[in-house]
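Scrolling down, you'll hit the structures one after another.
Two complexes follow with subunit A in common, the first pairing it with subunit B and the second with subunit C.
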Partner chain A sequence: MANRGGNSASRAGGSAGTGSNRTCQFKLVLLGESAVGKSSLVLRFVKGQFHEYQESTIGAAFLTQTVCLDDATVKFEIWDTAGQERYHSLAPMYYRGAQAAIVVYDITNQDSFQKAKNWVKELQRQASPNIVMALAGNKADMANKRTVEYEEAQAYAEDNALLFMETSAKTSMNVNDIFMAIAKKLPIGPPPGQPQDTVDVNQPAQQQKSGTCCK
Partner chain B sequence: MDEEYDAIVLGTGLKECIISGMLSVSGKKVLHIDRNNYYGGESASLTPLEQLYEKFHGPNAKPPSEMGRGRDWNVDLIPKYLMANGPMVKMLIHTGVTRFLEFKSIEGSYVYKGGKVYKVPADELEALATSLMGMFEKRRFKKFLVWVQQFDESKQETWQGLDPHNMTMQQVYTHFGLDDNTADFTGHALALYRDDDHKNQPFGPTVTKIRLYSDSLARYGKSPYLYPLYGLGELPQGFARLSAIYGGTYMLDKPVDHIVYENGKAIGVKSGNDIVKGKQIYCDPSYATDKAKKVGQVIRAICLLNHPIPNTNDSQSCQIIIPQKQVGRHYDIYISLTSNTNMVAPKGWFIAMVSTTVETANPEAEILPGLQLLGPIAEKFISVSDIYEPTDLGTESQVFISKSYDATSHFQTVCADVLDIFQRGTTQEFDFNKITHLSLEDNE
Partner chain C sequence: MGSEHPPVEEHDESKKLKVQIQEKDLLCINGCGFYGTPQWGNRCSKCWRSHLALMKKHHDFTKNRTLLSFDNFQERRKLSTESRSMTIKKIFKPSAMLGEGQSQTMTPSSSMSPVTTPTRVRSLSPESKASREAFSEYLSKNLPFLLVQDIVKTVKYATNKIHELNAISPDELSDLVQNFYQGVSEKLNHNPVFTSGKLKVRTQDVMEEIEKFLCVSCYSRLFCASSDEEVADVSLQDRIRSLHWVTAGFLETKLDFTNVSKCKTTNCQVRDKLDEAISQIIDMNGHRTAEKKLRCLIDCCHAIFEALKESVAPTSADEFLPVLIYVILKGNPPLIQSNVKFISRFALASRVMSGESGYFFTNLSCALQFVQEMNHESLRMNQDEFEAYTSGHLAPPLSLMNCACNQAIGSMERSLAEVGELLKKQQQLLVKIEELDVKMTKENEEMAVQFANFLKVNPSQKYLQMKEEREKVEQETKLACSLSDSWSSSKLSSSRNSEDEPKATEQATSTLLQ
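This part shows the complex of A and B:
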C-alpha cells in the first residue's frame, strides 16, 4: 500500500513504539443502507464526534485511525461509501483489497437489517475470501423503538461467521470495541500476494510543487 | 428525482468521470448516470473474463477452464499507459484520486525496426549497448539529446541558433546530422507521434514531447509508463468516487432514452417515464448521436497469451511501437502488454492489445505485423470502433460531448479534451485549489 495513507510510524509512538511493535495498515470498508449511521460510526471512532444531523456525505476520501494491540499497532484506512450505495452503484474498487468490513444496520429499521444481509452476500461475492466482517446494529440508544431483536441479529451473525455488536455512535457505546474486535482478528504481518513493487506517485510530485496542472 | 441538477453526466467513461469529479468539486450538483451496470463505458476493464467472452462472442460463450478464475481477469477495452510525468498523473495527484489507486511501472518500451524488436534504451548503459544505431550516430544523437534537455523556448540563449518559430523538426535532425532511422525512432518511440506530419512542422512541440518522455523515464527508471493495478478501469472509478465524495449522485444500470430540449437548449434527460431535470448535460458521443460525427476508426485486438511476447526479455508488461514507415503505413501500430504483475490476469497469463488507426477497408490485415510479433495467441477479440467528435460545442444547447478515445497510447489527448469541455461548460478553468478533502483525511 505504498501510496496510501501517510506516515504510519508517527502514530505508533503512542504505544511506546519499541522495535517489536509493528504497525500494520488495513483497508476497512463500511456498508449498509443510507442513513443507518455509517459515517457517524466512523466520525465517533476517528474524531470522537457526533452530529445529530450528520450530512449524508463526509467529504473525505477515507479516514484513518489507529488501535493498539499488545504486540502490534493496527492502522485502519476507513472507506466510506460516499453515498454511492444509494442506487446500488458502488464501484468494485470499493471492495478491492479490503481486509475488513463493517456492515451497518439501524436497530429501529427492520428493512435496513434485511438490506444488511444483502450487503453481506455482496461482500461474500465481491470481496477477498479472507475479509474480516462485522455486523453493527447501530442506534442502540434508541432501543425503545427497536424492531430488530438482538437475538435475531446475533443468530444471523453466528451463522455467517460475522463479529456482531450493537453500537451507538451517539453515546459511543461499543464503537471502539467493534473496531478493536476486528483488529484482533486481522492477520498481523504483510498481506500475502500483494505486489510489493508499486510506485509512490505522490512523492516526487509534492516536491515539484507546481501550481499549474495539465498546462 | 424531482430535484433539478446543475449537471447531468451521461456515461461513466474516464472522461465523463473526470468531468463529473471536477464539477462536483466546483460545487455543482451532479447526477451521473450510466446505461450499463458497470463503471467505465468504453474505458472499462471487463471482469470477470466471462463478461469479455459474452461481449465479443455472444451470451453463451465461455472461457476455457485453463484460463483460471474469471474474476482474476480485468481486461481493458482500450489500451493506454500513463506517462509518469504527464497530465493524467498530475490530475490524479492534484485531485487526490491517486489515493484510491496503486501503480506500477511498465517494465519496458520497445520499438520495431527492420523486422526486429529493439529495447528503447532506458539509461546510458543501455544506450551505449543498443544496436539501434551505429557508434557515430550514437554520438550525434547524444549531442541532440543534450540540446533537447537544455532547450527552453522562452530563453533564446538556450536555442543555440535553432529558431523554434522558423525551423521544422526535420531541419533540426539535419542540423545534428541524424539519419532517417534515428528520426523515425525519435519521432515515434520517444515523441510518440503516430505519423510523420510533425517533421515538417515547427520543432517546439516535438522537443516538448521528447522531454516529456525523458522526464517520465527519469521518474521511475524502467520505462516512462505507469499503469494502475487491476487495469485502467480503476481510473474512472476513482474519479467517480471523487465526485461522490463531493456530493455527486450515482445511478448505474439506468436506461437513458434521450436528452430533452426546450428551444434548442437542454433541460434534462428522459429515462423511461421520468424526466430528470438538469441545466447542463455532459456525455460521451453514444448518448448524443445526433450531435456527433464519425471522423475515423480504430481497430483493437485483445489477445490472451500464456507467455510473454518473444524478444522482449520476458517482460511481464511492455509497449512495442511499430513506426508506420517500417510497415508502409500512415499511422503507427501499437502493442501493449500487461499481465499478472498488474493484477489483470491470473498467473502465467498475459493480455496483449494490438491497435492502430484504420486506413483501409480491411482493418484486420492492417494489424497483422503486430499480431505476428506476439507468438501463439490463445484467444483473440477484435473490435473496430468508430471515432466520434461533437458537431455541437454546447454554447447554445448546453450539451457538452466528449470525443471518442483515439488510438494514442497515452492520456494527453484525454486530458486536453476534458479540460476543454470543462472550460466550455463552466466558462472557467478548473481551480485545483477547490480540492479540500486531502487535508481533511489525514487527521493524525
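This part shows the complex of A and C:
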C-alpha cells in the first residue's frame, strides 16, 4: 500500500472525465540559460513564493500546478532543465513528449536572449510539432537595467508565433498570466484517455496486439 | 602340477623382467639420486610431493581462468545479484518450487526458458511466488471474479510468451510488452466494471500491479538479457572508475561541504545526505520491479535536494543535475545502464514519461549520457589535462572543493575541528577551575571570619547553656577551692584529695565544651 502511495503524483496524471469539467495533464518544460530565473518563475506560479537568494525549502526542479479553465482543468507538470551550456546536448531528453515549453531569458542580459532564440530554433526543429511555445522575458522588475528591448522581443515572438510576455517572479507580474495563456492554447480536445502525444501511434499497435496476445 | 607350473614360470619371468627394469629405473625419474616408487610415478617421496603441488597449482589456475573468463563472470554476477536478496528464503524453503511447481503460471514458463539454469529457477521461485500471491490477492480483493480470471489468464499467457520468445531482441520484446500493457489497459478502460465507477481502484492501479508481477516473474528474461548490454555496463563502470578524479568542484556543484555549523544542530550533514543518495542509487539494482527501482531513484533525488538545501543552494535543475552526476560518479552503481534500459523498456509508460518518477528518470538518463560523453569541453579544461587525469598520469590539483569531497580529508578535518574544540573546552575548564579555586579559598576565609563574628554576636542556645554550666562549674570549683584552701591549712592529709577535686571538675567542663 505504501509503495503505491508514492506514485500518487503519476497516477493523478490520468484524466478523469467527470461531467463537463475534464482534467487534462500536460508536460511543460522550462528552457533557458542558467540564472535567468526559471525556477523562481515556477516557484512563484506554484507556491506563490519568491526568495531573493533562492533559499527555497523544496525541490523546485519538478512541480505540478493545476489551472482551471472554463470547461476543463489543466494540470501542468513542470520540468525544469539545467541551463548550463555543457548540458545543452541533453535537452532533447527533457522536451521529448512535452506539450508546452517556456523559453526564459533575462531582460537585463542580452546573451540570455540570444540563447533563448537558439532554444526556440531547436524546439521548432526537434520538439513535437504541435508544442505550445512561450517566450518569457524575466526580471521585468529590473527594467532600469534592461538590455533587451520589449519591442525587439515582441517582434521576434510574432515572427515565430510564440506567446510572449515580460514577467517578474519577484513582483509576480504576468506569471500566472503566461501559464494561463499556455493552458488556453493547449489542445483540451482528446476525450478521456491517456493525454499523451503518442496516443495515435499506439492505437493501431493496440489493435494488432489484441489479436496476438489477449485472447 | 602341470597346469600350475606355467603360471608360476610366467610369474617368475615377470618378476625377473621387473627386476631388470627396476635395476634401470629404480632411481627417481627426476634424477635426484633417491629411489622412486611406481605408485608415485617413479618419483621419490620428496619429488612426488612437489609434483603434486605443481599439479594442483596448474589445476587451480585453469579452474580460475575458466571462472574468471568474461561470460562466466557475468553469469555469476547476474546470479549473485539476483539471488542476493533471497538467500535466506532459499535456505528455509529449498523445495518450494517442487511443491507448487505445477500449480501456477510462473514456474512452468520459467523452466521453459533456456536462459535460466536449474539453480537459478530455484532461487527465482520464492520471490516470484510471493509476488504471484500478492498479485492474485490484490486482484481478488478489488475486482469481480470473472474479470480476475480474465486478467490472470491474459497475464499468464504474456509471461509464458515472454519466456518462449528467446530469439527476439530486447527492443522488440519491449515493444511487445508495451503493446501488451496498452492492450490490457484499453480493454480494462472499456470494461463496464470500470466505466460504471463502482470500483475503488482505477485501471492505472491494476496496470501497476500487472507491471509489478510481470517484472518479477520474467526478470531473468527481461533484465540485462543480452551479453552486449553487460559489456556496455562493464565498460561504463570502467569509464566511471577512470573519472574518479572528477569531483564536485569540477562539476561546479553548489554543494557546501564546509557548512558544519548548521549541521551540528540539525544532525544531518551534506555528506551524509550524499551518502544516502549514493546508497539509494546503488540499491536500484537490488530490486526487481520497475516501481521499486524508480522509488530508489526518487529517494536518491530527494536526498540530493536535501543536500542542496543543507548547502543553502537553490534547488533548481541547474544545481540538481550536476549533483546527480557527481553521485553517479561517486557511487558507480552496478549495472546502472541495464537498470535504466529495463525501466525504459518494461515499465509502464506513465511512470517513465510523467510524474516525479518520470522527471527523475529522465535526469538519470541525461546524467548517464553526460558521463559517457564527458570530455575536456564539458569540464572546461584543455584536452591534455583531461586525458592525463583520466589515464592517471597526473593528479588533479587540490582545490578547496576537491578536498572537501574527499572522504578521508573530510573526516580528518572533522576530527581536527573536534580536537580543537575539545582543547578549547579544556582550557576553559582549566580557567574555571582556577577561578573556582581562588573563589573557594577567598570564601573560605570570609566564611571563617563571618562565622567567628556571628558566633560572637549570636551565640547559640546550646553554647549559652554550656557557657552557663561552665561558669557554674567554675564557681563551684572556686568555692571548692576556697573551701579546700581553708581546709588545707588545717589538714594536710586531705590536701591531696582537695587537689584532685578541681582537676576532675576541669575535666568535666572540657568534656562539656567539646
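Operating definition for what follows: the second predicted complex is superposed on the first by the 157 of 215 C-alpha atoms of A that agree within 3 Å, B and C clash if a C-alpha of one lies under 4 Å from a C-alpha of the other, contacts with A are read in each partner's own complex, and residues count from 1 in each chain.
Criterion: contacts are C-beta pairs under 8 Å (C-beta built on N, C-alpha and C of every residue); 3 or more make two chains touch, one makes a residue touch a chain.
Only a predicted model underlies this, so the values are computations on that prediction, with no experimental measurement involved.
Visitor: May I ask you to decide whether A:S39 touches subunit B, subunit C, both, or neither, giving the answer as first, second, both or neither?
Guide: In the superposition, A:S39 contacts subunit C only.
Visitor: Touching A:K27, do we find subunit B (first), subunit C (second), both, or neither?
Guide: A:K27: touches subunit C, not subunit B.
Visitor: In the superposed arrangement, does subunit B or subunit C reach more residues of subunit A?
Guide: Ranking subunit B and subunit C by residues of subunit A touched puts C first.
Visitor: In the superposed arrangement, does A:Y87 touch subunit B (first), subunit C (second), both or neither?
Guide: After superposition on chain A, A:Y87 lies in contact with both partners, subunit B and subunit C.
Visitor: After superposition on the shared chain, which partner residues are touched by A:K47: those of subunit B (first), subunit C (second), both, or neither?
Guide: A:K47 contacts subunit B only, not subunit C.
Visitor: Tell me which partner A:F62 touches in the superposition: subunit B (first), subunit C (second), both or neither.
Guide: In the superposition, A:F62 touches subunit B and subunit C alike.
Visitor: Could you tell me which stretches of subunit A are touched by subunit B in one complex and by subunit C in the other?
Guide: 3-4, 6-7, 10-11, 57, 59-62, 82-84, 86-87, 89, 93-94, 198, 202, 205, 210, 213-215
Visitor: Can you tell me which positions in subunit A touch subunit C when the two form their complex?
Guide: Where subunit A meets subunit C, its residues are 3-4, 6-7, 9-11, 13-14, 25, 27, 30, 34-35, 38-39, 54-62, 77, 79-84, 86-87, 89-90, 93-94, 97, 193-194, 196, 198, 202, 205-206, 208-210, 213-215.
Visitor: Subunit A touches which residues of subunit C in the complex?
Guide: Listed in rising order, the residues are 153-154, 157-158, 161, 175-176, 179-180, 182-184, 186-187, 189, 202-205, 208, 252, 291-292, 295, 298, 301-302, 305, 309, 312-318, 320-322, 349-351, 353-360, 362-363, 365-366, 369-370, 373, 377-380.
Visitor: Spell out the part of subunit A that touches subunit B in their complex, as residue ranges.
Guide: Those residues of subunit A that touch subunit B are 1-4, 6-7, 10-11, 46-47, 57, 59-64, 82-84, 86-89, 91-94, 96, 195, 197-199, 201-202, 204-205, 210, 213-215.
Visitor: Give the list of subunit B residues in touch with subunit A in this complex.
Guide: 39, 47, 87, 89-94, 96, 98-105, 219-220, 226, 229-230, 234, 237-238, 240-242, 244-247, 249-254, 341, 343, 415-416, 419, 432, 436-438, 440-444
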